[in-house]
Every structure is written in structure tokens, then in C-alpha cells.
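Alright, structures below, take your time with them.
One chain, subunit A, links the two complexes that follow: it is found with subunit B in the first and with subunit C in the second.
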Partner chain A sequence: MTMLEIRNLRTEFETQRGTVTAVNGVDLHIDNGEIVGLVGESGSGKSVLAQSVMRLVEDPGEVTADELLFKGEPLLEKSEAEMTAIRGNEISMVFQDPMNSLNPTITVGEQIAETVRLHQDVGESVSLSAEMKRKIIGASKASESWRRAIEMLESVQIPHPESRATDYPHEFSGGMRQRAMIAIALSCEPDLLIADEPTTALDVTIQAQILEELHDILEVFDTSILLITHDLAVVAETCDRVNVMYAGEMVERATARDLFENPQHPYTQALLASTPQVETAVDELKPIPGTVPEPIDIPYACHFAPRCPEAKEECFEVDPAFRRVGSEGHEAACIRREPVDGEVIENE
Partner chain B sequence: MSETDTTDVGTGRTDRDSNDGPLLEAAGLKKYFDQSDGMIDRLLGPASKVKAVDGVDFELGRQETVAVVGESGCGKSTLGKTLLNLHDPTGGEVRLDGTEIGGLSDKEMLPYRKEIQMIFQDPLASLNPRQTVGDIIKAPLEVHGIGEDDADRTERVRSLLDRVGLSPDYLERYPHQFSGGQQQRIGIARALALEPRVLIADEPVSALDVSVQAQILNLLSTFQEEFGLSILFITHDLSVVRYIADRVLVMYLGEIVESAPVDELFESPQHPYTQSLLSSVPRIDPEERSDRITLRGVVPSPMDPPSGCRFHTRCPVVIPPEDWPGTEEAFRFAFRFRNQLLSGEIDVENIETHLEATSGRATTEAVANEVIADAYPGSPADLPEGKRDAIESAATALVEGDEEEAGSIVSEAFPSPCERRTPTEHRHASDHAVRCHRLDPSAPGRPQRIGADDS
Partner chain C sequence: MKKYIAKRVLNALFVVWLVATVVFFGLRAIPGGPVRTMLGAEATEEAVNRMRAELGLDQPLYVQYAEWMLDLITLDLGQSLTSGEQISVMMASAVPRTLSIALIGVVVGLGIALPTGIISATRKGQRSDYVATVAAFLGLSMPAFFIGILLALVFGVWWGVLPIVGYAPLQEDGIVEWFRRILLPGISVGVPYAAVVMRMTRSSLLEVLDAEYMKTAKAKGVGRTTRLYKHAMQNALIPVVTVAGIQIALVLVGSVTVELVFGIQGIGRLLVDAILDRNYPVTQSVILLVAAIMVFMNLTVDIIYTFLDPRIRYGDEAS
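And now, the complex of A and B:
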């Protein structure tokens, strides 16, 4: 079953300098129980895409899509109240910087318990006065929500969860804070977890633990995960399928294995050639010349064309449609690649 | 050295290399930070000190790139700043081309500043937002009185911009008008304005996208050849190290635990810390993935570093004492139990509450059993008899509130040469130094290679 189905999603911001098209007609789908990677450099629009799915894009941003279906239901038609019920409950999110997403004045356990009370019916009052009281004198340790908070800390392998739950975020190490964030995100057993650069701020040793954690989550909670990152190696190790984004557009998608064994889009190839790898001593990295274009009224068809070593005149004029470039499901949007089955995929 | 060499303008290295020793070297370098920050702290007794860099020996050769790697908090950035005298060293020596520069005053340091320059992780934070790029790059030239007049300096700045790949017309622009990669280029132009011999680069590409990161790394390599630069490259990113470094130093809690030429280190790491660090790096090629060596336990505080080998609290291959009767695995489990007990990680109260909640009552024996189940990773039944008793009586003492007794029981029952003796430097190869008892043939105990009995 499809967890998330996105077709032709656009997110635009009107600014004084013109229309910023942060996400420009993107397709993406996530099946049940899959870890899907979304890779791109800064400015590729990957985080805005995630915010668009959560309907968290702020004014003057405008999201349109032919389809934005979560478990078959159109998210764009939901009211704000319905979205609030979905966010944190059915779809939740983990961010790069856990210190900025945790409240420094409230204990970690209470922050998880709060999420549980707000999203699940545990029979505890969530009125303003009741919440204020808890913030000041602390939650009852016998409450259902507190018990659940401790269970969650335990499931993300925080040692001694009972005592750790009464700690404040600054008393946690970076890796533990990120685990606590994951605990909050998972506390309502969401169907979809969006993790935006969850390990970027962490040391490799901790990163390895958190990535392992994501796999366990998938098994235990049966949650689908959208992993957003700039790190190709993280995606290669963690994801089932990968989508590569550049300057607001999707350029290539495939299973992780296919993508890294047989990258086809010139951008994916260039990205790999510029990535230093720990196992191989290379003499020279090949940087991609130039910079990512500003997403304001880009006048040429393929956004990568000006930096592309293979670009021809028509690349600037003809919109690149997706075509199959390898095994089943391996598609790239580049007119310089011959489709293996001779067909161009109509996606717009 | 012939006359014609000195006319080789631009490299400027021909007459500077006065001797053949290392360009920059440190011996026993220490930097402690005082944690007391007020009267009351001082009155309350001796201040606790953070030992950020604790006895580091190191050499940077001419035109060499040495990388310092380690997790956050290992002291690698402090090492860079102490070498540059931005921090006063607490002890030890720093020599630049044979001249002692450690602890010089700002004024005395001025002539040497020209020789050692630094670039930082966050280029925007290190560039004055109110100055134009031209003024920023010109500042060091003015301070050191380089160039005949302002027009000459401006000309130098223009040529520097050109060399780092920016248009000389950007002179009048402000830092925020540039992308991250361009800002880092400006930082490099400023650092190179004085034609230094040493460049200390602290995470210079960590904030950049990979495609831009490669541009900056290649720029640094080009300059190294053109100017004969020596580079000290501080980073946590091992993939970048593999690409840029000639030699690597691995740092843990303020000490260098392993140093080797880059290929040797990556292909044949010897220290268990280096091995687990390397195994944690994600790999694109599935063929290259090996089993992760996950480090357990928390990183100890640099205020009170562990005795002996500082890595012993997390080491996956800690050495049993010579008279250890059981298997090596059983010893490691017992040693982990010991470390958790000694570091106060075992929360008895918690276990008591938990037991009371689930079974209604918590006898000393039941709680002690629970403590063992919690903190001893395997089954204590695999332990030799006397040792099993030690675990049990330590747990009982702990539950009864006698932490001291519990501590001394486990310390006595499970000693390891790793926590008793500070490892000395062992030469695995002529240029490959490791500080680990497992490699020291004269070390006591029963050392065994990593992975030998883990399967």
C-alpha cells in the first residue's frame, strides 16, 4: 500500500524579486514500511518539500499539487484542525538540531508525555490550566502519559529511562537529545516519520547508532521513513529507495543499490565524483563547477544544464521528462539519456 | 641554494627553509582550562580543570598536510588554537622552524603571526559583516606593513581574489553577498595574503555542500604546491581526511592515540579507537561495509579523564590481567559492569522503584539480581566462581548503599593493565605510532587482536 503519494507538487513564494519556486513539480511516493531517501545539496528544495507535505509552509508560500495523498487521503484539502490532528500523530518529524527543537525549560519526559496527551486519548486533561500546573510542579509520575514517555525513552535505548526522564535537555548529550527527539516523534506511533538531516550534527560514532535505531524503529513500529540528507553514504546504507533533487526538481530515482552502482543523471554522477570516500584513495576530486542557481524564474529548462558537462543547446530549451535508464524503477530526468524501453514517462 | 632560486617570486620558500627539521612542532603540549569562574569556586578548594590538550607531541613537515581527527570534545580545535598561540599553552613547547613560540605575548608573537594563519569552519562568522571584502583581505597587509601604499595593497588584494577564484571586481562587496563556498574562499584569501608557511584549517569544509567542498579542497591543494604551504587540517570527517592528508593523528580525550601516514592508517588501523571510528563511517559501496564496532559507554569528562589508557572505559578489547581464569569475553563483560558501577551509572533507586511497581516488593537480593541483569551484559554464570561472587557481593553492597565497598570489590576483582598503566608509544612501523597496550609486547596481561574472539 502507498503511504504517501505526491504528484507534481509545487511550492512557490512570491517575493519582491520575483517568484521563488522552491519545489518545482516533484513526484515522490513512499510505500508502507519503506525507508526512502531524499538527497540534495542546500537549496535543492528538499526541506521545503517536507514542510509542504506537513503543510507547514508559511506565508507567502503556496503549495499546489495534482496529488498529495497520505494513506489515500488528500492532505491539501484538510482543514487546519484536521492537519493538527495528523501532525505529530500520523506524520511526525525529526530535525537536524535537537537543541533547538526541544524546550529547554521542561524535562524531557514531560515533553514526551505532553505529546502523548495531546495526540492520544489517555484520559488526562489537556486544558490550559492543567498543562500550566504540570509545567510548574511536574507531571504525575503515575499517569499513563508519563509511563508512556518512559517506555519511549527505553525504546530509543536511553539508559535508565526513569531517572533520565526527569532531566532537562541540556543534561543530555547530543546523541541522546536526538534520541529524545525521535522518542517524541514516535510517541504516537506515526505511520510516517520525516527525518530531516537527523544525524548531520552528530559524530560518526553516534550517527552509526542513530541510523541503526531508524532501522529498528521500522521493524518495531512499522513506520515508513522519509530520510532527508545531503550525505550520499548515509542514504546508501540506510534507504531502500533514493530520490535525488536539484534546484527544486527531482532528477533521478532508483533503489539505493541501482542508484549508486549505476548512477545515470549527470548531476548524480557529478555529485558522486565530488564526494571523497573513506575506502578509496583518490588522486583528484572533481568538483561541480559553478553554484546552485537561485530558484527565481530560472529561464532554462533543465536546471542543471549550465553546470552540466554534457549539456547541449536543447537541454536549455526542452523540459527533461523522466525516462527509464536501468532496472525497473530506475528513472532519470535527462534528455541526453536514451530511455532503455524507448519511452518517455509523461509526468506533467 | 642558487641565486636564481630567490628570484622565484610568489613561492617565497627558497630562502625561508633555513633548516631541515619539521616546520612546526610541539612537545608535551598541554592546555588546561580553569573551570572556576568566581570567588566562591576558588574558596571551595582546588579548581577542577578541563584537560583539553594533555601532552601532545607532534610535527608538521614542510609542504606536508597533517590531519587531526577525533570526536567532538576530543580537543582537536584547542590543539589548533594553542599551536597558534591563540590560547596560552599550560605546558610544553611549540617551535616554529626551530624557534620557541609557545606562550609569547601578543607583541612578541606579531612577527610569527605572519607565518601561521588560520581558517575556520563558519566563514561568515569569521568575516566582519561591516567591512568590504577588500578591507577584510587588506587588513593583515596593513598590520604587517606589507605593500608600498594603499594602491599597491589594493592591487595585491585583487590578485589574491583572482587566485582564489573570485572576480577582482568583488572588492567592494560585503561578506553576506556571497555563498558559503565563496565566503570560505575569502577566508582563504585573507589567510594567504601574508604568504604564511603554515595554515591551520579548522573544519574548513564541514559547513559546505559536497560539490563546493571539493572545490575548496582542491584550492587548498593547489596553494600547497604554489606557496609550499604546510597545512594542519582539523576535522571530524574521515572521508575528507583520506583525500587531503599525508599523515593523520587520531585524538581521544586530549591525547594522540595513533599517528600514521594516511593510507597506512585507513588500511591498517591499529588502535581500537581508530578501528571503531573508521568502522562507523557510512560507505557508499556495499562491498566496503564491514561490521561496525559500536562503542559503548559515555565519553568520559575531560575534567577527570580515566586512569591508564583513557580509552579503557569504552574499549571493546580491554585486556584481562595475566591471572584471569575465564574467557576474555567474560572479562570484558565484568569490566563493563565494573566501569558502570564506578562511574555511578547504575541507578539503584530506580531499579527499586521499578521492582516495587512490578512485583510489589523489593528485597535486597531481588534488587541486587536486577542490578546485575541490568549492568552485566552476558550471563554471570559464565564467570569463574570466585569472580561471580565478586559481582554478586558488589551488587549487594551497592543496593545496601555502600558504594565505596562495592567499588573496591569490583576494582580488586577485575583489574586490567589498561586502567593501571599508561600506554607508551609503540612503533608499529617506522612512521606508525600507536598508544595501546595490545601492541606493546612488554605489556602485561593477555592481549589479543580485535575481533579474534568476538565471533
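And now, the complex of A and C:
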């Protein structure tokens, strides 16, 4: 069954210099229980896409889509109140920087318990006055939500969860904070977890632990995960399927295995060539020349064309449609790749 | 915490002593002395010397300083050079007046500043933000005594709803009369204070609203008002408390001139007269008191910090 179905999603910001199209007509599909990767350089629009799904994009951002279906329901048609009920409950998010994503003035336990109270029937008021009372005189340690918070800390491997729950975020290490973030995100057993670069700010050893945790979560909570990263190694290790994004557009999608064994889009190939690999030692890494264009009125059809070693004149003029370039489900948006079944997929 | 406070109190005493010393010698460096001021330019040398001896001003400076310090330790502020009145009595009458004005000023100031700051930040770029910003700059650019004159003109002269001269002691005339008398001076010193605190509240809250953890709160499904008051406010208030504490000095400074406008014999009035008369002991006592108030305010601010910011723990709290 489909957990998330995105078709032709656009996120635009009206600025003084023109319209910034951070996400430009993107399709994405996540099945139940899948871990789907979203890969791209900084500035490719990955995070904006994730925040668009949860409708977290602030003014002047504008999200439109032909379809933005979560479990079959159109998220763009929901009221803000309905979205508030979904956020943290059915869809939740882990952010990149655990140093800044937890509130420094609220105990870790309360930050988890709050989410539980908001979305689960634990018989505790979440009115403003009740929440302020908790903030000022402290939350009850005997409450169901607090008990759940400790349970969650335990399940993300925080030692001594009872006493650590009363700690403030600054008393946690970076890795522990990210675990606490994961605990918040999972406290209501969401159907979809969006992890926005969850390991980027962490040490490599901690990274591995966090990724392992994400794996375990999938089994225990039966949660689908959208894993956003610029780290291809993380994708290879974790994801079932991968989407590659460049300058606001999808350029290639495939299973993780296909993508690494048989990358087709020139951008994906260049990205892999610029990534160090342990198995096949290369003398020199090849950086991709140039930078991601600013997403204001990009004048050429294929956004990668100016940096592409294979670009010809028509690349700048003809919109690249997706085509099958390998085994079932392996598609790339590049007119220089012949479709293996002779068909071009119309995406708009 | 107790150890910390004890340390801070000792520190505060040192600062107050330092201020006292600087004021003592500084005052005597100003040309002109109390005797010449009192007796006038035509007084004979003999009369001047006699008076200097009477007042103890003929003794070497270090002796005068030592005597004053000894008096201070026994909490004896001495007497006014001009009237011979006990300074403690003068202060007992003046201090409640100034503190009343300052109290109203701070209450009015915070009462205006916090709500407008919050409205301004949460509606950034909208009309209410612009109105609040313009009002704040107006408040900032008008000195307290000028606001006092305007208020006296409007409420006292045109509308005649509030008295514009004098003070009514709380114990004698009751709270209503007391309040009526200090409301206008209080507002006068409160407006510039409100403007400063409001701007700080706005910018601090804007910064916090933009923080990653506010996005986390939204992604958790926390509603808008709870996000503002439970998640943002405490973080935003940390710098506001600093400014609100330090700017109490602004209120006290404003009070000096505002007391003149409203004919209230507070410490501001006392200080101005004392300086003009070169009335050394009175000047020293008043400045000492103001310094003590400021040091105390700073200490209070630092203690409030520990409640607002869990990252700040002073000294010996073992946990």
C-alpha cells in the first residue's frame, strides 16, 4: 500500500529578486514499511521538499501539487488544525542539527511527554493553562505521558532513562540529543518518519548507531522512513529505494542496489565519482565542476546541463522526461539516455 | 546558590565602596565649595574660615574620608551642610517618592513593552508591527521630562483629571490619592523604559521564533499559542531581563528631571539641589543609594537568569 504519493509538487518563495522555485515539479512515492532515500547536494531542495510534505514551510513559501496524498488523503486540503493533529502523530520529523532542534529550556522528558499528551489519549489536558502550569511547576512524574517518555528514552538506548528524563538538552551529548529527537519523533508511533540529514552533524561512530536505530525502528513500529541525506554511504547502507534530486528536480530513481551498480543520470554518475569508496580505491576523486544554480528562473531545460559533461545543445532546450534506464523502476530524467523500453514517461 | 549569592553580596559591597570613594574625592575636585556657596562671594576670609572649621572642612582630606567611612559603617549618613538636618531623615522622606515613581514607571513600562513586543514580533511586517515600532521610536526619542510636561498639559491643564504638582504619602493620604499623584510622573519615566524593553522583546522573540527548536515544536503538532508561550517565551525573555534590569537606571535618571516637573521632593530633587549647593554629605549619600540600587538590580537579574535559563547554574549547586 502507498504511504505517501507526491505528484508534481512545487514549492515557491516570492522574494524581492524573483520567484525562488525550491522544489520544481517533483514526484515521490513511498510504500508501507519502506525506507526511501532522498539524495542531493546542499541547496537541491531536499529539506524544503520534506517540510512541504508536513506543511511546515513558512510564509512566503507556497506549496502546490497535483497530488500530495498521505495514506490516500490529500494533505494540501487539510486545515491547519487537522495538520496539527497529524504532525508528530502520523508523520513526524527528525531534524539535522540536534544541537539546536531541542528546546534548551524544557527538560528532555517533558519534550517527549508533551508529544504523547498531544496525540494520545492519556487523559492529560493540553490546554495552554495546563501546559504553562507544567512548565512553571514542572510536569508530574507520575503521569502516563512521563512514563511513556521514559520508555521512549529507553528504547533509543539512553542509559538511566528515569534520571536523564529530567535533564535539559545541554546536559546531553550530540548523539544522545539526536536519540532524544528520534524518541520524540517516534513517541506516537508515526506511520511516516521524515529524517532530514539525521546523522550529518554527528561523529561517524555515532552515525552508525543512529542508522542502526532507524533500522530497528522500522521493524518495531512498522514505520515508513523518508531519509534525506547528501551522504551516499548512508543511503547504500539504509535505503530500499533512492531518489536523486538536483536543483529542485528529481533526476533519477532506482532501488539502492541499481543506483550504485548502474547509475544512469550524468549527475548521479558524477555524484558517485566524487564520493570516496572503500572497496574500489581510486587515486583521485572527481569533483563536479561548478555549483548548484540558484533556483531563481533557471533558463535552461535540464538544470544540470551547464555542469554536465555530456550536455548538447538540445539539453538546454528540451525538458528531460523520465525514462526507464535499467531494471523495473529504474528511471532517469535525461534525454541523452535511450529508454530501454522505447517509451518516455510523461510526468506532467 | 547560597555561596554564590554571598559572594555576589560581598562583591556588591566592594562596588558600593568604590563608588563612594570616587564620589567623595570627585566631588571635592569640583571647583567651589559649600561654604562659599552658602555665604556668597562677598563673605570675609575670616567668616569663611570659621564656617569651614565648624563644618569640619578644614581637616585634611584623608581625615574627612576616614570619618565619613566610619560613619557609614555605623550607618550614620551625617547631616546636611546647609540645613543641619539628619540626612537619614531627608532620605526617609525622599526615597519613597522616587521609588513610587520608579515602581509605577517599571510596572507601566513592562505592561506596555511585553505585550507590544510580542504583538510586534508575531505580526512582523504587518500594520500593528509598524505602529508599535513608530511608537517605540517616539518613546525613545522623547526625554522623560518632556513626556511629563506633555502629560501634565493634557491630563492636568486641559482635562483637569489628575493633579500635576506634589506628592501624597501612601500612609497618610491613602492609596488612591498616592496613585493619582504619582501616575503621571510614573508614566513619564515608564515610556522611554517601555520603548527600550519593547524593542528588545521584539528582536529577541523574533530570533527565538526562527530557531530550529520552534520548527521541532511545530513538527510535533504543538499549537500556535502553546508554541509561543510554552516554547518561545522563556527563551526570548533571557535577554529581555538583562535589558529590563539595567534600564532601571534609565527610570531613575528620568525620575530626577520628572520630579522637578511635578514638584515632587524625591531623591532626584535632593541630588540636584545638593550638587548645586556643594552639599557634600547629601550628594554622597544619594549617589551611594542609587549605586546600591543598581548593584542590587544587577544581582536580581542574575538570579532571575537561573530560573529562566537551565544552562546557567551558579557555583556550588551539585548536580
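Assume the second predicted complex is superposed on the first by the 344 of 348 C-alpha atoms of A that agree within 3 Å, B and C clash if a C-alpha of one lies under 4 Å from a C-alpha of the other, contacts with A are read in each partner's own complex, and residues count from 1 in each chain.
Rule of thumb we're sticking to: a residue touches a chain if its C-beta (ideal position, glycine included) is under 8 Å from a C-beta of that chain, and two chains touch if they have at least 3 such contacts.
As the structure is a computational prediction, the values presented were derived from the model and not from experiment.
Peer 1: Taking subunit A as the common reference, can subunit B and subunit C both be placed on it without clashing, or not? Answer clash or fit.
Peer 2: fit
Peer 1: Of subunit B and subunit C, which one contacts the greater number of residues in subunit A?
Peer 2: Of subunit B and subunit C, more residues of subunit A lie in contact with B.
Peer 1: Who does A:Ser42 touch here: subunit B (first), subunit C (second), both, or neither?
Peer 2: first
Peer 1: What is the angle, as a multiple of 10 degrees, that the CA centres of subunit B and subunit C span when seen from the CA centre of subunit A?
Peer 2: In the superposed model, the angle at subunit A is 70 degrees.
Peer 1: On the A-aligned overlay, A:Ser327 touches which partner chain: subunit B = first, subunit C = second, or both, or neither?
Peer 2: neither
Peer 1: Looking at the overlay, what does A:Val126 touch: subunit B (first), subunit C (second), both, or neither?
Peer 2: second
Peer 1: Can A:Asn262 be said to touch subunit B (first), subunit C (second), both, or neither?
Peer 2: Neither partner.
Peer 1: With both complexes overlaid on chain A, does A:Ser101 touch subunit B (first), subunit C (second), both or neither?
Peer 2: second
Peer 1: Quick one: classify A:Thr15 as touching subunit B (first), subunit C (second), both or neither.
Peer 2: Neither subunit B nor subunit C is touched by A:Thr15.
Peer 1: Minimum CA distance, subunit B versus subunit C, superposed model, integer angstrom?
Peer 2: Minimum C-alpha separation, subunit B to subunit C, in the superposed model is 8 Å.
Peer 1: Report, in rising order, the residues of subunit A that make contact with subunit B in one complex and with subunit C in the other.
Peer 2: In subunit A, nothing is touched by subunit B and also by subunit C.
Peer 1: Please give the residue numbers of subunit A that touch subunit B in the complex, ascending.
Peer 2: Touch residues, subunit A against subunit B: 41-42, 159-160, 162-163, 173-174, 203-205, 207-209, 211-212, 230-234, 236-238, 257, 260, 270-272, 274-282, 284-288, 291-292.
Peer 1: Going by the contact rule at the top, pick out the subunit C residues touching subunit A in the complex.
Peer 2: 211-213, 215-223, 225-226, 229-231, 234-235, 308-311
Peer 1: Report the residues of subunit B in contact with subunit A in the complex, numbered from low to high.
Peer 2: Those in contact with subunit A are residues 71-72, 179-181, 209-215, 217-218, 236, 238-240, 242-244, 262-263, 266, 276-278, 280-286, 288-289, 292, 294-295, 298-299, 345, 347, 349-350, 353-354.
Peer 1: Subunit C touches which residues of subunit A in the complex?
Peer 2: Contacts found on subunit A: 54, 56, 84-89, 92-93, 95, 97, 100-106, 114-115, 118-119, 126, 128, 131-132, 135, 168, 170, 181, 184.
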